[in-house]
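Each in structure tokens, the structures are laid out below.
Each of the next two complexes has chain A plus one other chain: chain B in the first, chain C in the second.
Now for the complex of A and B:
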């Protein structure tokens, strides 16, 4: 089996090379059958990689410990789900997953466009296959997932595997990597179309229209991947943090930032014919950051807690990235003439300008994160001393950027294209601004003194009122015309222009998340040594230690603390944080206990037993943290709405405002 | 050109502020990677800068008292005493023999006050290329 698997990968590698050569040669020499055969090669690559993945997964599920990969990532007693998840639990397997996802995407793209874009499709195929070939190269030669254990020349099986790290045996962790990969890999599709469009010197923005859904779905996967990772860190790592600016976390947020910038700035191209070069640059940057992110995670060039140790693939990635970036830059510079802007910026106070600053800030944030992540590498190259920067650096730069972006979230959608008069500004923003100011004043009066938290809550109130006003105005007009009730009118409104109102829902999700982030300004914590019968206070809670227990399962030994939670002598429930000690791997793991509520989470970690036999407990109160996960759900929902086709196809000349509905609203006032 | 001048000024102001914040952030949190042997040669500098030291946790040296944890960090032949006392609990991977990365400051007494510790078990995550933990374990 292992031979078939390895052979399938080798064959897929050859076929992907053939697809590159075949499609380009077929296009240049006008031989449609060559182009066709290249497309069939794409399907064949998909088939072969599916076969290879199937073999690996089968080996994992049946605990075939002849495979080195299986022996080091799995063991007999592990639940089936995690045996399957071990597919992406290690280096070779996760590269195989990456490659397989790419082959799926490529096959779908080729299939969807088998009758469309005959002109640029060969180049799209070739672009996709260049990356495909690169990843196949990695798993064919340096990092084959199909290595077997052997003594001398004889293949042997290990008696049992060493198991997946217990930290990774958690539901969100099982789906976090594939979700993130679906995002990472997906950005290649808009990139490939951008390249195809550049190479064939197409004017217009066909590549943007045809890949809008791809970009959105990919962005959604990326968002889910990042947030699942955050949720996992919160629930598993024991200190209640969800974001630590670790290099690998940064690697996942970088393409998300540029992807977000891209989703916004394409609107400028679609509506105004501006920022054409910029959009190509953005999608290319996003794609390269995806590859870069994979490289950071997989090569260990920057030390990280996610720590896949040093591996030889860093230099492969560096060469691939360097060549690819150089080629892309050359191509963009060569085709600049086809990317002329059709209109100009007119005023600082305009929709165009808000897009511009949105992009500027997102890019600044991306650059800062990249800079901070690579600081050890850069400083070593420049000064010879390896220096790293930590959370304070990232927070100082990104918190103000985040707040400014939040502000633009409220301003952007309402401000007029081209230029805004003072009068229209007043009409649109007087009330929302007032709501924001009142919120800040009220919170300040209640004793909130944290500057950024105050700003954040104020801006959240401001943005929320602009969004509510937009929905309200639109729905009111529909209600007046059709006599629907208000709720029905809201649905109708959203359905008429899903892209716009779905976008508002996503904006609302971001607001909700910001409320959650701001809660961190009021975290409380306490570390204490206790024995049964002790009680201690944290915030408004009283925690009474009821019992210390110990026990054993076949897999691990455990100890836990039973705590009863009271507020003002009212019993709220019990929490049982646990510590596990796995017998085979000798790993420890902490199972924290969390009482999740919308207003605040009570979070208790049992960090061990002190020498005198008392339990060391760490207890935290995290206000508003749940809002982040609520925001996550809202974001998911809003993005899905964006993907639903609009009921009314809005036809508008390029320089006109999108919202027919609000114009009606304005007339009706 | 007045229009573009306005944009220009705004952009310069924004970027300028961010750069100013970034420089502050870097100065506040920059941490120098040093080996234990290098610490001794640094002289007075060693007590002022934030440092990052990596090594293995010496077997049997971990002592816990409340949330304070003391242990010896070994890097080749050098040993360094480390004290950790912070709200974040130590990672589960921190134990005898684990590889640990400690961020913090060196006190005049020669004890290293760590504010952040990352740890990984050498065998667990990923073996160095060419050596497989399962093979070692099964005694092959």
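Now for the complex of A and C:
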């Protein structure tokens, strides 16, 4: 089977090269059969990669330890779901998954557009297949997932595998990487259409209209991937952190930020025909950052707990990225004439301007994260001395930028397209600003002194009131006209313009998440050694140690502490944090116990046993942290709303500049 | 049954080796100093104060050293300087704002400045140019001024 798997990958590599050459040659020589043949090669690549993936997954599920990959990433007693998840638990397997997802996307794109965009599609296919061929090159030659264990020339099987990293044996980790890959890989589709549009010198916005949903779905996957990763870190790592500014975490957020900027600025192009160059730049940057993130995770350029083992593929990525960036810059510069704006700004105080500032701050945040991630490498190269750029740096730089972005989230909807008068601005800002100020004053009066937390809560109140006002005004108008009740009127309003109101729901999700982030200013923790019968306090909780237990499963041994939780002598329930020791890999992991509530989480980690036999407990109170996960659900819901077609098809008349009428001309008339 | 006892013994031995007392190393004083120092274990990107791994190969010895230096009466700055002298600048959680490393702090905000200038340039370019109307106005005004001058001269 390993030979079939390896052959399938090799054939897929050859076919992807054929698809590149066939589609371009077919287009240039006007040979439609070649273009068709190249498109069929895309389907064939998908089939071959599905076959290869099936062989690897089968080997994992059946514990075929002749495969080096299977032996190093799984063991017999692992639950089936984690054996399956081992597909992406290592470098070679995860690259195969990456490549397979890309082949799925490519096949869907080719199928969806088999009768559309005949000018552009050959180049779209070629762009997709260039990336496909690159990743196939990696798993065909340096990092084949089908290497077998051998003694001399004889293939042999290990008696058991060394198991998957225990930290990865968690439900969120079983879906976090594929979700993130769906995001990473998906951004190639709008990029490929942008390139197709540039190469064929399309003056219109066809690529934008075609890929808007792709971009949105991809962005949703990326968001889910990032937040599932945060949820995993919170529940598994034992310290309650959900974001640690690790280079690999940063790599996942970078394309998300530029993708967010793209989703905003693309509206300028759709509604006003402006910022065409910028949108191409943004989607290209997003794609490059996806590839860059993949490189960062896999090349060992920067040290990270998440990174796969160091491998020689860094130089492959560098060459791929350099060539792509150079080609994209050349294309953009060469096609500038086709990317001219169709209209002008009418006023500085307009929705258009607010989008510019939104993009500026998003990109500044992206740059700050990228800069902080790479600075240790840059600094060492220049000065020869190692330095650390840790969480405090990222927090100091990004918190003010994030708060300003939150402010713009509220400001944007208050400013009209084209121009806003001072009076309308005053009317729009008065109540939301008042709500924000009152919130800050009330919290300060209640004793909150943390500056950023105060600012954040104030801005959250401000943005919430703008969003509520937007929904309220619209629904009220519909109610007045149709006599619907307010709830139905809101649903009707959202259905009439799903993109706008779905977008507001996503904005609300961001507000909810900021409330969750701000709660971190009030975290409390305690590390203590205890024995059964002991009790200790943390915040308003009293934790009483009831018992210490231990046992084993086929996969691991465990020990846990039973803690009864009280507040004011009222029993709230029991928590059982657990420590696991995996038999095969000889690794350990913590299964923290969390009492989740909207106001605060009580989070308990069983760290181990002290020299005197007492259990070492780390207990934390994390105020408002659950709001982050509520925000995640809201973001998911809001994005789905955006994807629903609007009931009313809106037309956006563009303000075309047809000429300037001068006073002279009018006088002479 | 015997196997089970053996496994319980194993877990006990294992867990015993997991952790030693760490609670006395997370005092507010140790945290105050540790907040300026990077945990160099290579696993987390936290400070010595925030690293939650009690048995961390870097933050635990660092905390023990901070505790002993505090007991000796050393100031926070002296302790931090001691760490920098022993481990280099990487001991600091954030790049020192000096020399080349100043760029770490400056660049994000310089990027915002450059972006603002770019937006200013873009807005100026994209706004309708008022010069045409202004120039026309001034030409018309000049014509009227000339006419007034002429009429005034005739009056004289």
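A few comments on the model shown:
To be clear about the criterion, the second predicted complex is superposed on the first by the 646 of 669 C-alpha atoms of A that agree within 3 Å, B and C clash if a C-alpha of one lies under 4 Å from a C-alpha of the other, contacts with A are read in each partner's own complex, and residues count from 1 in each chain.
As a convention for this text, contacts are C-beta pairs under 8 Å (C-beta built on N, C-alpha and C of every residue); 3 or more make two chains touch, one makes a residue touch a chain.
None of the values given here were measured: they were computed from a predicted structure.
Clashing of chain B with chain C is the outcome of superposition onto chain A. Looking at the shared chain after the overlay, A:312 reaches chain B, while chain C stays out of its contact range.
After overlaying the two complexes on the shared chain, residue contacts for A:341 are found with chain C alone; chain B is out of touch. Look at A:553: by the touch rule set out above, it reaches neither chain B nor chain C. Contacts of A:421 after superposition on the shared chain: neither chain B nor chain C is touched. Look at A:567: by the touch rule set out above, it reaches neither chain B nor chain C. Of the two partner chains placed around the shared chain by superposition, chain B is the only one that A:149 touches, whereas chain C remains out of contact.
Residue contacts after overlaying the shared chain place A:62 against neither chain B nor chain C. Shared-chain residue A:165: touches chain B; no touch with chain C. When the two structures are aligned on the shared chain, A:274 is found in touch with chain C, with no touch to chain B.
Shared contact residues on chain A (touching chain B in one structure, chain C in the other): 237-239, 241, 303, 305, 345-348, 353, 356-357, 360-361, 364, 368, 371, 375, 385-393, 396-397, 401, 525, 527, 529, 588, 605, 607-608, 610-611, 616, 618.
Partner chain B is touched in their complex by these residues of chain A: 65, 68, 71-72, 90-91, 149, 151, 156, 158-159, 161-162, 165-167, 237-239, 241, 303, 305, 307-312, 345-348, 353, 356-357, 360-361, 364, 368, 371, 375-376, 385-397, 400-401, 404, 525, 527, 529, 585-590, 605, 607-608, 610-611, 616, 618.
Per the touch definition, chain B reaches chain A in the complex via residues 3-4, 6-7, 10-11, 14-15, 17-18, 21-22, 24-26, 28-33, 52, 63-67, 87-93, 95, 101, 103, 116, 118, 120-121, 123-129, 132-135, 137-138, 140. Of all the residues in chain A, the ones that touch chain C in their complex are 237-241, 244-246, 274, 303, 305, 341, 344-348, 353, 356-357, 360-361, 363-364, 367-368, 371-372, 375, 379, 382-383, 385-393, 396-397, 401, 525, 527-529, 550, 552, 557-559, 579, 581, 588, 605, 607-612, 616, 618, 657, 660, 662-664, 667.
Residues 4, 7-8, 10-12, 14-16, 18-23, 26, 35, 38-40, 42-47, 50, 52-55, 88-96, 99-101, 103-105, 107-108, 111-112, 115-116, 118-119, 122-123, 126-129, 132-133, 136-137, 139-140 of chain C touch chain A in their complex.
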